[in-house]
Amino acid sequence: MEQEVYSTLTETLDGLGTFLPEIALVASILLIFALETFTRGLSIQWSRVMGIGGFMVVLGLSLLQWPLLDSGNSITLFEEMLILDRLSVFFKILFSIAGILVLLFPVEINGEPRQVAHRFAVFAVLILFMALGGHLLLMASNLLMAYMAIEVLSISGYLITFFRFEKYSGEGGIKYLIFGGVSSAVMLYGFSFLYGLGGTLDFTNPDFFAQLSVSSVPLLVIAILMSLAGILFKLSAIPMHFWAPDAYRVAPTGGLAFISVVPKIAALVLLIRLTPGFSDILAATPLSWMVLMATIAMITMTAGNAAALSQKNALRLMAYSGVAHTGFLLIGVVVLTEYSFYAVVFYAVIFALANLGTFLLLSVYRLNNPGLEMSRFHGLGFKAALPAVLLLIGMIALTGLPPTAGFSGKLLLFSSVWESYQSIGNTILTALLILGILNTVVALGFYLKIPYLMFFRPLPAEAPRIQTPSLIIVFSAMAMFLLLYIFFQPDSLMRWINSINFAL
Amino acid sequence: MEALPFHNWYWDLIFLGPVLGLILGLVLFKKKVGVFTTLGMAFSTFFLVFLCLWNLDTPVTSKIFNWWHIGSGQNILQVDILFTSNRLTLLMGSLVGFIATLVFWYSTHYEALKGDKSRYYAGLVLFTFAMMGIVFSGNLLLTFVFWELVGFSSWFLIGYWHHKPEAARAARKAFLVNRIGDIGFIIALMLVGVYGGTFDIEVLLREAHSGHQAWMTWAGAGLLLAVIGKSAQFPLLTWLPDAMEGPTPVSALLHAATMVAAGVFLLVRMFDFLAEPVLTTAAFVGGITAFMGAFAAWRQEDIKKVLAFSTISQLGFMIASIGAGYPQFAFLHLFTHAFFKAGLFLGAGVMAHHANSYSLEAMGGMLKKAPWVTYAFIAAALALAGVPLFSGFISKEAILAGINNWTAISVREGFHSSILVSILLWSGVFLTAVYVARMLGYLLKPKNETAAVSTPNSQLIPVVLLGIGSIWLVAGLLPWDFSQAWIIDQSAESIPEAPIWMMPLTISLIIFGGYLGYRDVHYTKQKAFNRAVTNLSRLNWQLDAIYNAMIVAPTLWVAGMVRIIDKKVLDGLYNGAVAGFVVVGHFLNLVDRYLVDGTVHLSVYVVRRSGVLAKAGSGSIQAYLIWAALFLLVLIITVFFMFIGF
Amino acid sequence: MTMDQYLLSFLIFTPIAGALLVLILPAKFESQYKLVGLGALLIMALILIRIYTLYDPQHGAGVYELEAFHFVEHAPWFTLDLGAIGSLRASYLLGVDGFSLPLVMLSVVVLLAGVVASWGIKKNLKGYFSLYLLLSGSVMGCFVALDFLLFYLFFEFLLLPMFFLIGLWGGLRREYAAIKFFLYTLLGSVLILIVMVMLYLSVQEGDGEAFFKTFNMVSMTQAENFIPGSALDPGGDQMLWGWPLRWVAFLLLFIGFAIKVPVVPLHTWLPDAHVEAPTAISVVLAGVLLKVGGYGILRAGFLIFPDGAIEFAGFIAVLGLISIIYGGLNALVSKDLKRLVAYSSVAHMGFVVLGLASLTNEGFSGAIYQMVSHGLISSLLFLVAGVLYDRTGDRMIEKYSGLAQKMPRFTAISVLGLFAALGLPGLPGFIAEIMVFLGAMTAAKGPDPLFSIAIPILATLGLIIGAGYCLWVLQRMYFGKFYVHNPAWEKSLIDLTKRESILLYSLGLLILSLGLFPSFLINIYEGTVEAAVSGILETGNAILNR
Amino acid sequence: MIPISHFLLFSAVLFGLGLIIVFTRKHILMVLMGIELMLNAVNINLAVFGHWDTKFQQGQIFALFVILVAAAEAGVALAIIIKLFKNFKTVDLSRISGLKD
Amino acid sequence: MDAAIVTFYMFCGLAVVAATGMVFTKNLLYAAGLLAIVMLSLAVVFIYAGAMFLAVSQILIYVGGILVLIIFGVMLTSRKPGFSFEAGTHYHFFGWLAGLSIMVILIMTILDFDFTRWMHPPEVPDNLSGYTSIQHIGVLLMSKYLLILELAAIFLLVVMAGALQIGAKEEGGKAS
């Protein structure tokens, strides 16, 4: 026993070397706390610098991990708690970049200046914390770890949602929280059965799925469905998406950008890791994983689009847009072929990029229009052309039209569906393909709504002056440029993705 | 006579004379553009006559250049610019040139054309040019090009006084009705191009000569349809009377040598190509038209209308003759008709100038006012009526003989209804005499007005020339023997013998008809029957009303329906597709409500209908949760059913 | 001259550079934007002249071999590694053959006319001219791209500038029209996208070492480039819902492009878009954009899926016939001059479809000729409507009468345009239509029971209807007693200005010369047409009889 | 020896009751209590399954962390509820509906 | 029947009755009390499941922490004159439908399941024979689950900071 403890601790210590990015995240959190506590409080600028610095370090460390892992390699850490492979490193890099951008957003915290500074420090911490949760979920190979990571993401999400400190913050936050609480309880209930039937929490352990597949009965199906609930909640897929519009409506734009990207992608990675096992064990039941996921994907994208059509608020619109995109991301896990894996990773990157860029621009408009009501976008395209045009590009990218990488992403995704249809021949795939493509058309109806209002409606007489913080414009322009660039040179991104090992 | 070597530049002389005249006139002396154009036309005509003298019996076809072609090797379809000079084309060309020259000349002092005449002469030149094209073209497609150009220039000239709504309407009607006929031409072209593989008329005629094929019948039928349109035959005859809205010289040109003659000419030209059924149809069409036109001419009030219907009727004679298998006689009649009809129109123009009106009532006492013109007019009118010693007698006699022969043969072969054609034609002869006499009666009715207006020489001379051209000498030396007419190519086909009873019968019909017609001038009693006849005649058998009710109105109705389909159904489909999965029951309501407001509103509507997902009723988080749970339940229950084997 | 290799790129990027220039120039130079636009288009015209002088039909027909194309530019674009199923390669592949060159020429002319017609634009010049130039570049790209992805890119790129040009500078219901246009066309392009996906997953090309999935449209035309067993393999028998997959793909592609053409019943976006768009944009829309549809059907539909083309020829011909009659009848009852012209476009493009469906030399020639001639004629007619609209702001036919007395020159050019539209011989529409008729008649000889002789014969009805509405317009608007609905217009109705005269007369002259000298155009494409037709029939029948 | 299924049935009942509370009660705190009830039900499952996992005791440890997280969540919830109460003067979920389209 | 087993079912019954009471009671404070009863009963149930450590934690954290927090919440949010601890219900039909059906389905599936694998008592590995389960868990927490434990620490720290920041009074006199 002692020996085992010793070896475990040694392994843990050894593992720390490959855990540096997360350590850096924790360190920055602690550092900000320490400075906040032991000085007279950090100014906004300093919090920002600290947070961004932290993310920079994380970014650097994550980049260092990339060559460490050959494409085939994966390292398990902390007694099979975590698994480090290129997939997780890839998204860690993305998360760090997202984190840097998110901290650059204009401060949207209400309150008296000194308090705002305090609050911003906590906000920075929460962003870092959410990134930590994201990292852990990316690497999770254990249901306990996954649960903890999901909870980290959730709770930091609830808190971030509140961090505008306005009247409705509480409502959005509590709705998010209740929904999250219930869905995590449901998920846990599912996990408990998975644990009980599988005998272990470590889902990379071959025993786990082997044990599970012995007991292929309704209970197992229910356990899987209930476990999915929590993951779908993080993905904001239907039917677990209801929190999104309300939470999006009140959350600070920066935090929102992070919430809309990090938990979603991290949960997607978890789902990617679970998919082979789940689809294997479900193969023995009448419920096929492919049909299940395809159904959820179809419903999600369709309902998300349909709901988005009627929105009058840009943030709610973005919420439903996120829902619809979840549907598209789920296409990738319907059939997890190598191609669809590449496609979905590609799509996720593009989605993150477009979403971040769009939120950056929306934050500009939010300075004068805190609720981002669409009715107040009228004519702004002529008032300030540059952000409007950039927003247009972002929206086109989200729609998935050329010449933006959104199109490349959709193209690859649909191609992968078609390719697997060709090899499998399941008709639900054609349905998925057709519905997905039709949804692209429908999506146009709402994505272009804001640019449409900005260009096609006259400017009201008492139009507010638009502040255009140059830094934000520069960064969003960079994001949009990247979207254009990746369309023209998709191989620049694909080369990276190709070196991720699909075998997981 | 020894034939001249034929050079391609001859065609330049033939075609470009009036064009150069026009251009020269426009450039040099705009006021005298008419004179220049007339000179140019006269030059071309002289050249044509000259060619007639030398080259009448040596057919030449010259290829000017390749216009376009499709394909290569075996499958090539060539469209060459081909011009053919042979007996028929040269004679026709000379005729067109002659009449055109006179009309051009006449027009130089035509008072109703005020001010700038360059537009008018441009139209005339185009008209003649196109007609020449039809005459000489050796390529059926090219013929069609000119054919349409004739249509276009007639549209242009009929609508010359475009500020008059009637003129504009008449122009449109003329072109449209012609267009209907042209459909036949296009179908013929399609068949010829696809099955014949060439548009070369000579080749086609040769091919047809060596044996008729089925497609030729249909192509011929198409051509006949085109001719029916262009030559104003039944049932497409309504446009010609309306075309009187144009200037009178234009009418003269149109009736005599260019437009309507083109139809007859085409049938003559393509005669070998036409199959038996087509010809029979043509005979009937011609017979019916000859009768209908003559009847319609009977009670007209307007001298130009009388003349217009007479043209229709005479064209009917020609078509019937072709149908009976005697294109030469048709051509002979075309030839004589050109002279006297041009004379009639030009004369009528002068007289109308004197009477300040085209109304027959106003025409009295012409003999005093413009004696020479009136004499010429009477000569031409007598020719029209087919009075012996005038050209019309010869040609009409020929046609009647031909028809008689054809009927006899047909009846012998058991085709008894061919008698109808004979009867119709004879009645046509009779009615012609009636309306000519009636017209002359009005003309000669004494009237006590002495407002003498002098007639300029440029008008007097053409009319008189044409009047002279109406006597028998124009056709042949012997005023009673059509077979000796110099136009007739004796070698070409068998010339039927006229039965001995024919000439007396015609003459007596003419005398009787003339008597009746002359009495008709003074006929004032208003009997119901008489009124009905008058209405029927004056309104041309009510054809306009019938066509309006049967063709125009239904077409517009269909178009309106299509419009509604377009607006309601197809737009509705679009809007409905945007609406997505809205229940069918809502569909119609939807279209009505959102047709105008459009897509944006529609999508909102869709979501209001299907937006339960977004709203879940109350907007409360627990409702959301319940929805999610129900969703999960549905999933689970589905799975259970799957387990059971549902 | 080495620059000659890159002529096509210049053609695409000159207007795009112009657009950038307009964007960069500060608002101070606002009045110069149109000059930039004009300059860019003039440079394009010069490039085009250079292309035309260098173009030698003897060099090759194009269609099936990349070597036989002209001015080919081939550069790698990107290569994506897709894991187990191999790599995907897209290239920057440009080239013209007899199909594209006439349309390129047409586009340059129409775009030039459009820029002159835009002279009167007052609102937001920067946006207008930059979008216009962007549109010009995309149009060029559409016609010269030989890589499907590149083509699709340009095809989609037509959409957004057009959306804004209609939606921002259009008439009263511009927004409705813009959205409708957008959604319709997007639907079409989505269908095309599906087929594109199927295609590139099925076609491969090798570079000596390895095989790549490719977007190369020229490679897609050859059966041996299809991967055996792949979805669209001509040798395979993949089915979808009981239909051969290749047929399904062909139909999707056809519908996608048919929306753009437009073919009844997918046309309802067109009248609205045309009516609401500003004059210059209507001109471009009718003159160029519709042709992209026809070109797409030919290049992507018929050449890649010859079996589908043969199989559905009758069906397509019926659609073309319906378009002809249906568009004509609609035009007959249109009250708005622009709407009338728009519906006449539907009818005229129906001839294109009918010609293509005939799968004969004549039909193809006619279709291309019709595209060019309709491009010019409809441009002229839209400009005519625009002249009137500029004067009075109203285009209702019933509100005018006797315009000929006030505006003789305007009337003259209108007469030319309308008679060209109704297919008067001597004008290009006639040549195109007669070729289409010949083609359809030839095709009617074939075995397809649907493609009967009734189709060409019924199609001739379209000519009567066409004459009906054209002449009716002339009679109602131009002839008769002078009358305008609003007395104030009497003063504003002046005859053509110098700019308008130059524009309209030169277009008229072009139309006339095209009508008189068709060989000028036919020579460019006849070899291509022959190669295409024989190729389609050969490979198509080979696939069908397999 | 109590059969494992009895534990599981017990937990299922508790879980269901928790769900019903979450669904039907208007008071936020009641909803929170419902969630706690559900989490407790989960813990029963984990604990009872963990009984057989003697080597790593994952069940118990999982349950432990569930309790921990639940506590944290309750803390956050309370903080938000207090703010909410300040702004809305109510904690009745049916009356907190400022965010609607 | 063994008295221990009877005790187990008693506590189970108690918990279920208390939970059912929570569903129906109008008074918040009663509900909190009932929740306490449920949790305490559960602690007993945990012992029967062999989870001593958990039982202790349950009492400590749940009853001592969370429940107190909730009662705090109840008190803090009822500072209104005339406020009774009443809490209404809604969504009677769909709420009960969804909840009950899920419950029934769960019960049915559990009844359907074959639990023979869990019939035999757990095997204790040799190297653990000397330890109690509480000791074992302690060791595990410090070795295998060290990472999670640390994470939990950070978790609590951050959540506390966040919750404090949210719950703190507004500065500058804007406090309400």
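Note that the chains are named A, B, C, D and E in the order they appear, and that numbering of residues resets to 1 at the start of each chain.
Here is the rule we use: a contact is a pair of C-beta atoms (placed from the backbone, for glycine too) under 8 Å apart; a residue touches a chain by one contact, two chains touch by 3 or more.
This one's a predicted model, so the numbers in the text were calculated from it and none came from an experiment.
> Using the touch definition from the top, list the chains contacting both chain A and chain C.
Intersection of chain A and chain C contact lists gives B.
> Going by the touch criterion stated earlier, list every chain that contacts chain B and also contacts chain C.
A
> Please name the chain that ends up farthest from chain B once chain centres are defined by their CA atoms averaged.
Centroid comparison gives E as the farthest chain from chain B.
> Hey, how far is the Cα centre of chain A from the one of chain D, in Å?
25
> Centroid of chain D to centroid of chain E, CA atoms only: how many Å?
7
> Roughly how many whole angstrom separate the Cα centroids of chain C and chain E?
70
> So the centre of each chain is just the mean of its C-alpha atoms; given that, what is the distance between chain A and chain B in Å?
The separation of the two C-alpha centroids amounts to 77 Å.
> Multi-chain contacts only, two chains or more: what residues does chain A have there?
Where chain A meets two or more other chains at a single residue, that happens at 144, 148, 151, 155, 159, 162, 174-175, 178, 182, 186, 218, 222, 245-246, 310, 445.
> Do you know which chain B residues sit against two or more other chains?
Residues 578, 599, 614, 621-622, 625-626, 629, 632, 636, 640 of chain B touch two or more partner chains.
> What are the residue numbers in chain D that touch two or more other chains?
Within chain D, residues 15, 18-19, 22-24, 31-32, 48, 50, 52-53, 56, 59, 61, 65, 69, 72, 76-77, 80-81, 83, 86, 94, 97, 99, 101 contact more than one other chain.
> So which chains actually touch one another? I want all the pairs, not just one.
According to the stated criterion, the contacting chain pairs are A-B, A-C, A-D, A-E, B-C, B-D, B-E, D-E.
> Which residues, counting only chain E, touch chain A once they are in their complex?
Interface residues on chain E, with respect to chain A: 105-106, 109-110, 112-114, 127-128, 130-131, 139, 142-148, 151-152, 154-155, 157-159, 161-163, 165-166, 170-172, 174.
> Can you list the residues on chain B that touch chain E in the complex?
Where chain B meets chain E, its residues are 622-623, 626, 629-630, 632-633, 636-637, 640.
> Using the touch rule from the top, collect the residues of chain D that touch chain A in their complex.
Residue positions touching the partner: 15, 18-19, 22, 28, 31-32, 35, 38-39, 41-42, 45-46, 48-50, 52-53, 56, 58-59, 61-62, 65-66, 69, 72-73, 76-77, 80-81, 83-84, 86-88, 96-99, 101.
> Residue numbers of chain C touching chain B in their complex, please.
My answer: residues 173, 175-176, 179-180, 183-184, 264-265, 267-269, 271, 326, 329-330, 332-334, 361-362, 365, 402, 404-405, 419, 424-426, 430-431, 434-435, 437-438, 440-442, 445, 456-457, 460-461, 463-465, 467-468, 471-472, 474-475, 478-482, 518-519, 522, 526, 529-530.
> In their complex, what parts of chain A are in touch with chain E?
For this pair, the touching residues of chain A are 1, 4-5, 8-9, 12, 26, 29, 33, 78-79, 81-82, 111-112, 114-115, 118-119, 122, 125-126, 129, 132, 136, 144-145, 148, 151-152, 155-156, 159, 162, 215, 217-219, 222.
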